[in-house]
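Quick heads-up: structures coming right below.
Both complexes below contain chain A, partnered by chain B and then by chain C.
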Partner chain A sequence: MATTTTTMLRETASSHHEALGQSEAVARKMRRRGRESRFWWLVPTLYIVFLMLPIYWLVNMSFKTNTEILGSFSLWPQNPTLRNYMVIFTDPAWYSGYINSIIYVTLNTIISVGVALPAAYAFSRYKFLGDKHLFFWLLTNRMAPPAVFALPFLQLYSSFGLIDTHIAVALAHCLFNVPLAVWILEGFMSGVPKEIDETAYIDGYSFPRFFVKIFMPLIASGIGVAAFFCFMFSWVELLLARTLTTTEAKPIAATMTRTVSASGLDWGVLAAAGVLTIIPGALVIYFVRNYIAKGFALGRV
Partner chain B sequence: MLELKGVTKMVGAETHISDINLTLEPGTLNVLLGPTLSGKTSLMRLMAGLDRPTSGQVFFRGKDVTGVSVQKRDVAMVYQQFINYPALTVYENIASPMRVAGVDKATIDREVRKAAELLKLTPMLKRTPLNLSGGQQQRTALARAIVKNAGLVLLDEPLANLDYKLREELRLELPRIFAESGAIFVYATTEPSEALLLGGNTATLSEGRVTQFGPTIDVYREPADILTAETFADPPLNVIDVVKRNGRFVMEDEASVPAQGALASLADGPYRMAFHPHQLRLERLGEDHAPIKARVTVTEITGSESFIHLDFAGQKWVALVHGIHEFEPDAMVEAYIDPRHIMIFDAQDRRAMAPSSLAA
Partner chain C sequence: MEKTYNNKAWFLVLPVLVLVAFSAVIPLMTVVNYSVQDTFGNNVFFWAGTEWFEQVLTSSRFHGALIRSLSFSLVILAIQIPLGIFVALNMPRKGIGVPICLVLMALPLLIPWNVVGTIWQVFGRGDIGLLGYTLRTLGISYNYATDPWHAWITVVVMDVWHWTSLVVLLCYAGLVSIPDAYYQAAKIDGASRWSVFRYIQLPKMNRVLLIAVLLRFMDSFMIYTEPFVVTGGGPGSATNFLSIDLVKMAIGQFDLGPAAAMSIVYFLIILALSWVFYTVMTNYDTANR
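Presenting the complex of A and B:
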């Protein structure tokens, strides 16, 4: 056994070596070709510049004063200031927007994934009347623009007294996120052989115990990706969130669009709010970066 | 004791299992032999309780368990694919049935280590199944089946996806490992040679029916009908229509095989004759061996044996002979049929008469 292990190690080591040699050769070739054309840096640089420019400009603005933003053109802040961020972190009208957003986004993510897990399991494991149609119909929910649902939701929620609550927005966003989560999770679940379920039943696992102890760890990355997509869609969605809230549960995106006052627009604060809005999304993307491609393929790789 | 009474399984309009009656005794090894899609897996799923029969009943230890959920049955099962819990270590994989049953820690540890030792998994206990080789993964699944100590152990082609060497090794060990437990041991395979090596009892399956059930060697030597004989032949059985007259089975081209022993007393008329490929020889070993002239289509040589595919009167035959024999395609060869090893089937494809007891 020990000898086989060492030979295996040696084999992997040598193949690793080969791969290194190959990648070096490729790199050399690329460098040579690059030197030949002299402008090899041009396209990637342009790409990155165009990609990063709006974000850079937002960050740039957030550290400027209003007079500088409106007065002169400058590539970086001449008098860097943290005043804009101070405003957001001290004024409850601003920071409560973030808290509200985070509350309903988290609620929505939990509800969506919690509801989607059993639904996706049913779609992936059982055949029932109209299962394929139902599965497709779920997806069509995503095709309708949210504006279509704004009016019925407003009327429905106000008659239930749910207007201006976090749960109202969280439930409204389920309309888009549950189908998406079902669709993603179904793909991941179908990748787990049905025999694993059966082996667990034969071993004596009850269904709930099997689902939590054996099955969920197997589709953990799928749950992560589904949660990420729910988080993102709920985080960036503005129309429904703004329609269903007034003051108590007002999301940050709505706060940002209502900053026009008699004294005009507070450009710097708005930019700082924009920067702070990007951060949670960027953080979440960082954590699921390895699975995200699989998520976009809806688990069907 | 496991009893199936008139068990039928329909999926939609398709019949997967058709009216099976089978009684398996405790402490026996039972082989389900049949080609793919013959219903081996479906039958095992019914035995395990994973599926519910459309009609018929399943009795285990005298109790009707037809509708009882699989969790409450006393079964263990190993699949052809290597099925383990990828998120758990090998140790936890093996321990899992005992953990669910609520066995105390010390017993679990002792049993897991015993099973791991038996299947040479001790160095891998801390690793996860996906980091193991296929053979080790399957042995993990087998170890889990062992520690469960179930009354019914179902192995669905457990060695089919393993390499040759490991298969030989495990095939020898498996019956020994499970023999101690006194469980009913059911082993599905597509390979006749595997059934013969395992011994025990064999049930041959064809299109969802059990064609014959009995001690393996008896089923091989005395198949009740042509379906059983064909299922239990690898390479495929050589078959031809014959007419019995004047004490001989006459084929086309006026070639004929003498009817010997008990076969001599058969009434004249049409029959089907079948014999195993190794009974078709290139040398004439006895005066009564019947010569035929056939055209070679392909010759396959596997080390010390040659498979010679022949075309005789429109029938595709195979001769399995020792030594290396190279023939050009389309060459005409003379081959000889041993009359003591032929099987004769009647118009309903039932066995017309057993060959004489000399045939051993």
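Presenting the complex of A and C:
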């Protein structure tokens, strides 16, 4: 490879016409892997191995019995067992945790994206009194540490009789998801030329009809990315979710902590529950994989 | 884009305003309320003025937690930002490798935070964890439950494992937006690998890097769940970060006054720092428009 590149470089010097085509090839190569390293793949591979090892260990443990986990050390299960998973799927205390988590995460995603859409449109299209301050104030809520809000939330929601309901957790998670959704959607909306709005109004579209029929399909990927982020941050948050629930709406992640401290450390079941909490996230990432990169840049690269 | 001035836009913002007012302003006012009052129980409160603030600002417990949180955030930024850029530069740009890398790298981001804690708690244990067992076999005495340094290293490595992918994905998004023509121009000028990075790739990543620094600083500064699961703030108070200390004070000991005053100070620090980041970011935007 190195010699080919050198030859190519020499040829580049000799003929200007060829140079264009070949420098393109070189440029593509440089972009892909850096100029001289042919071991470019080593870095992502090592990094992914580092990421996967702890997860593999959890999966490995989830297929072992407790005696095997504590008694012997092995890199893979010697007597694979599905017992740990059976415990979770047959005990309502375990699997209702999953249902609770999914209910409040879905509620939160719908509420956050729903209220963020018109607001993001306002920020991307109009100037209005105090717009910059309002936008910064929204962002500060994304920065607010949940630890600060745990206790006030508990009191606020008990005075409304909302404790231990799914909607309480969904509303509490709006604290950090709504600002994020507004931020992402604003980025995507600013990428849509304003002429489209104006043409639609001239054609006699009312604002709501234009927004739903024309504008939303144009930023569909942005809506998808915003929904993904709301799902993600609501799914992984535990402090608020645990503070606001006791039994009826307890999230799966909180069920796990309770079991760790109470029932004498059933490592196998703990590992199986952990593996099961990873699966919804993995599924969601797979579906949005083509938008992830843009979404992480909040649509504003 | 040229924006029109129209105050009716406020109506579009109204739903967000109402919702965030409910979930942010009311709780925040409750905190402010507690921070200036004292109680002997039974919901009887009386004015305490700035007493709690003085107590918090002069207590060595708060100083310790603040220093621990700040140094944790700095260590995290110093490791994750360069590592993230380095991995992003070496990512494949087309072919089957792209979705595989993206999905696998994003995976830790989607794991519930206490499960992240559990994974590392188990992984680092000397008797049943791969990492702990391997280190022990190699003759290194490693125990994150008793040695403060080991606890720190474990928490830092855990956070690097958990969040570096965010930096990678952000930088990657910046890198793929660079047109081929830039590389060709660099090639014709005979630019070295370093100058390509310094004068083409780094400037193009500026915006996303700012977002990365902002998000990583904020989230590491308010980290709670993961170290709480792994170390519980210990050994001693070695990993007792600000939010862990706060929750211990507010919910564990029910010291509402000091906890509220500490919340406000904590929130003001974050507010001041976000304002700096936000100003830098928006100034950068207007300068480049």
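Quick notes on this one:
Basically, the second predicted complex is superposed on the first by the 250 of 301 C-alpha atoms of A that agree within 3 Å, B and C clash if a C-alpha of one lies under 4 Å from a C-alpha of the other, contacts with A are read in each partner's own complex, and residues count from 1 in each chain.
Keep this in mind: a contact is a pair of C-beta atoms (placed from the backbone, for glycine too) under 8 Å apart; a residue touches a chain by one contact, two chains touch by 3 or more.
Note that the structure is a prediction, hence the values are computed from the model and not measured.
Room for both chain B and chain C is found when the two structures are superposed via chain A, with no clash between them.
Using the contact criterion defined above for the overlaid structures, shared-chain residue A:Tyr47 touches chain C, although it does not reach chain B. In the superposition on chain A, A:Pro217 contacts chain B only, with no contact to chain C. In the superposition on chain A, contact of A:Pro145 is made with chain C only, not with chain B.
Within the superposed three-chain model, A:Ile102 lies out of touch with both chain B and chain C [touch as defined at top].
By the touch criterion stated above, A:Ile202 is placed in contact with chain B alone, chain C being left untouched.
By the touch criterion defined above, A:Leu162 lies against neither chain B nor chain C after alignment on the C-alpha atoms of chain A.
The larger set of touched chain A residues comes from C, when the choice is between chain B and chain C. Once both structures are overlaid on their shared chain A, chain B and chain C have a minimum Cα-Cα separation of 9 Å.
On chain A, the surface patch touched by chain B in one complex and by chain C in the other comprises residues 193.
Across the complex, chain A meets chain B through its residues 1, 193, 195-196, 198-206, 209, 214, 217-218.
Residues of chain A touching chain C in their complex: 19-20, 23-24, 26-28, 30-36, 40-44, 47-48, 50-55, 57-58, 61, 69-70, 73, 75, 111, 114-116, 118-119, 121-129, 131, 134, 136, 138-153, 155-156, 171-172, 174-175, 178-179, 182, 190, 193-194, 232, 235-239, 243, 252-254, 256-257, 260, 267, 270-271, 274, 277-278, 280-282, 284-286, 289-290, 292-294, 296-298, 300-301. Chain C makes touch with chain A in their complex at residues 1-10, 12-13, 15-17, 19-20, 22-24, 26-28, 30-31, 86-87, 89-94, 97, 99, 101-115, 118-120, 122-123, 127-131, 133, 161, 164-166, 168-170, 172-174, 176-178, 180, 183-184, 186-188, 193, 196, 207-208, 211, 218, 221-222, 224-225, 229, 242-244, 246-247, 250-251, 256, 259, 263, 266-267, 270-271, 274-275, 278.
Remark: chain B residues 48, 50, 69-71, 73, 75-77, 79, 81, 83-88, 96-97, 100-101, 123, 141, 144, 148 touch chain A in the complex.
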